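Multiple structures follow.
One chain, subunit A, appears in both complexes that follow, with subunit B as partner in the first and subunit C in the second.
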Partner chain A sequence: MESVGVVIVSHSPKVAEGAADMVRQMVGEEVPLAWTGGNPSGGLGTDVGQIMSAIDRAWSDAGVVVLVDLGGAETNSEMAIEMLSDDRRGKVLICNAPVVEGAVVAATEAAGGSSVDTVRQTAEEYSAR
Partner chain B sequence: MADVLIEQLIRAAALAVIRDADELTALDAAIGDGDHGINMKRGFDAVLADVANLSAKPWPDFLKGVGTMLVMKVGGASGPLYGTLFMALGKDLPMEPGRDDLIRAFRSAIVAVQARGKSERGQKTMLDVLIPVAEALEAGRAEIGAITLAAHAAADATIPMKAVRGRASFLSERSIGHMDPGARSSALMIEAIGKVLEKA
Partner chain C sequence: MNNGTATETAATDAILIEHEVGLHARPSVKLTKLAKTFASKIELGLSKDGPWIDAKSIVKVMAFKAAKGSTLHFRAHGGDATQAVAALVDLVRRDFDESHNGG
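== the complex of A and B ==
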């Protein structure tokens, strides 16, 4: 089965892209990965439509985990997940983990073929250490 | 087909937020990330641009359309929160709602916002305005001026509160002494809606 996908959502497109660069370099290319950052006007913030599009780009039938930074990034990601189609919605989980470390740990776990629940749990446990 | 009233109500609410966008941003700069007015203006500008299309729809679809637009355009946490409010308002309404239907839908919409924001009354948010207004309506109060005053008093009452949700919660004690920008935008919309209803 395909690896779980990883989506990175930050208020800042630079942070999101930088975190994605770290995942690519430290974990490699085999994990589906997408990032998004910035509000609909291009300022700091998040954009529900762009988050939905990032989930689509990182889509895996094994599921997708979403790493978010602050407040609105989480609320907008929850909203984006609810607006997905019925067959996808239940396979996307938000991780309660720091965005950079969480993305790298989640992608490492995903590359090993773990389930979406295990990928989330590993990212969250790392952050709780 | 939605009647003219719903379009007038949404237009008035949108224009009130857009008019006072700078004030909302200034309130947010004190305790949040300083973009509430900017974000709300972006969302409600988009609503106004689409309101003529939406007005061909019945009340439930009109309100869901407004909510979806806010979710997609606002950008900050207020997008999903206000978007959920309008979407949930539309969800439970019959095609031609009466006063009781609207009051009931308003309460369901508030419950949906509480779930979306994982928040309750007393946490220095828009809920601190919406809940007292819903209670006044449910108690049968019909005098529009009094409802508007209650909404503004409720927004003022967020000033001494300590934020526990959202960006303002990082400030903890330092959030005390500032009005919550979401409470203010809710009060402004209620005032604008009241003015339309007084003339209707």
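== the complex of A and C ==
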């Protein structure tokens, strides 16, 4: 089965893209990965539609984990997940983990073929250590 | 070393870390990913008597912080224990396939 996908959501597109670069360089290409950041007018922020699109780009039938930075990134990600189709909604989990470190750790776990629950658990274990 | 039966084997080996920055983030990811490709239980430690950590746990390997000049000890139990330890030792011997540019 395809490995779990990873979505990075930051208020800053540079942070999101940089975190995605770290995942690609440190973990590799085998994990579905997408990032989004910034609001549609080019400022700092997050956007529900763009988060939904990122989830779609990183989609895996094994599920997707979402790494978020501050406040609105999390609430908008929750809203984006709510708006997914019924068959996808339950497979997308937000991780309570730092966005950069969590993305690398989650992708490493995902590359090993772990379930979406285990991938989230590993990212959260990193933040709780 | 191989002291097990056909189905269940135990293997151990050790290797000096020559990598400039030690077992830092990128090598930790490589080591964990490689360990996860084997079915055996695989552990690593800084001495032959442990303490041992799970080599398949990226969180534990990241927190392990083995410096350059320390010796990594591997031990594995399971059907592919011998191959697992040999592959991991080889990864460290190849310096994690990295040039010494930090990171």
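Structural remarks
In this section, the second predicted complex is superposed on the first by the 129 of 129 C-alpha atoms of A that agree within 3 Å, B and C clash if a C-alpha of one lies under 4 Å from a C-alpha of the other, contacts with A are read in each partner's own complex, and residues count from 1 in each chain.
Simple rule for what comes next: contacts are C-beta pairs under 8 Å (C-beta built on N, C-alpha and C of every residue); 3 or more make two chains touch, one makes a residue touch a chain.
For clarity, every value in this text was computed on a predicted model and none was experimentally measured.
Subunit B and subunit C, once both complexes are superposed via subunit A, fit side by side. Once the two complexes are laid on top of each other via chain A, the angle at subunit A between subunit B and subunit C, using C-alpha centres, comes to 150°, given in steps of 10.
Legend: residue contacts after superposition of the two complexes on their common chain; A:105 is shown touching subunit C, with no touch to subunit B.
In the superposition on chain A, contact is made by A:76 with subunit B only, not with subunit C.
Contacts of A:27 after superposition on the shared chain: subunit C is touched, whereas subunit B is not. Applying the stated contact rule after C-alpha superposition, one finds that A:113 touches subunit C and leaves subunit B untouched. Remark: least CA distance from subunit B to subunit C after fitting both complexes onto chain A is 28 Å.
Of all residues in subunit B, only 33, 35, 38-39, 42, 71-81, 83-84, 116-117, 166-167 touch subunit A in the complex they form.
The part of subunit A that touches subunit C in the complex is made up of residues 25-28, 104-105, 108-109, 111-113, 122, 125-126, 129.
Put simply, subunit A touches subunit B in their complex at residues 39-41, 43-49, 70-72, 75-76, 78-79, 83.
Of all residues in subunit C, those touching subunit A in their complex are 25-26, 29, 32-33, 36-37, 56-59, 62-63.
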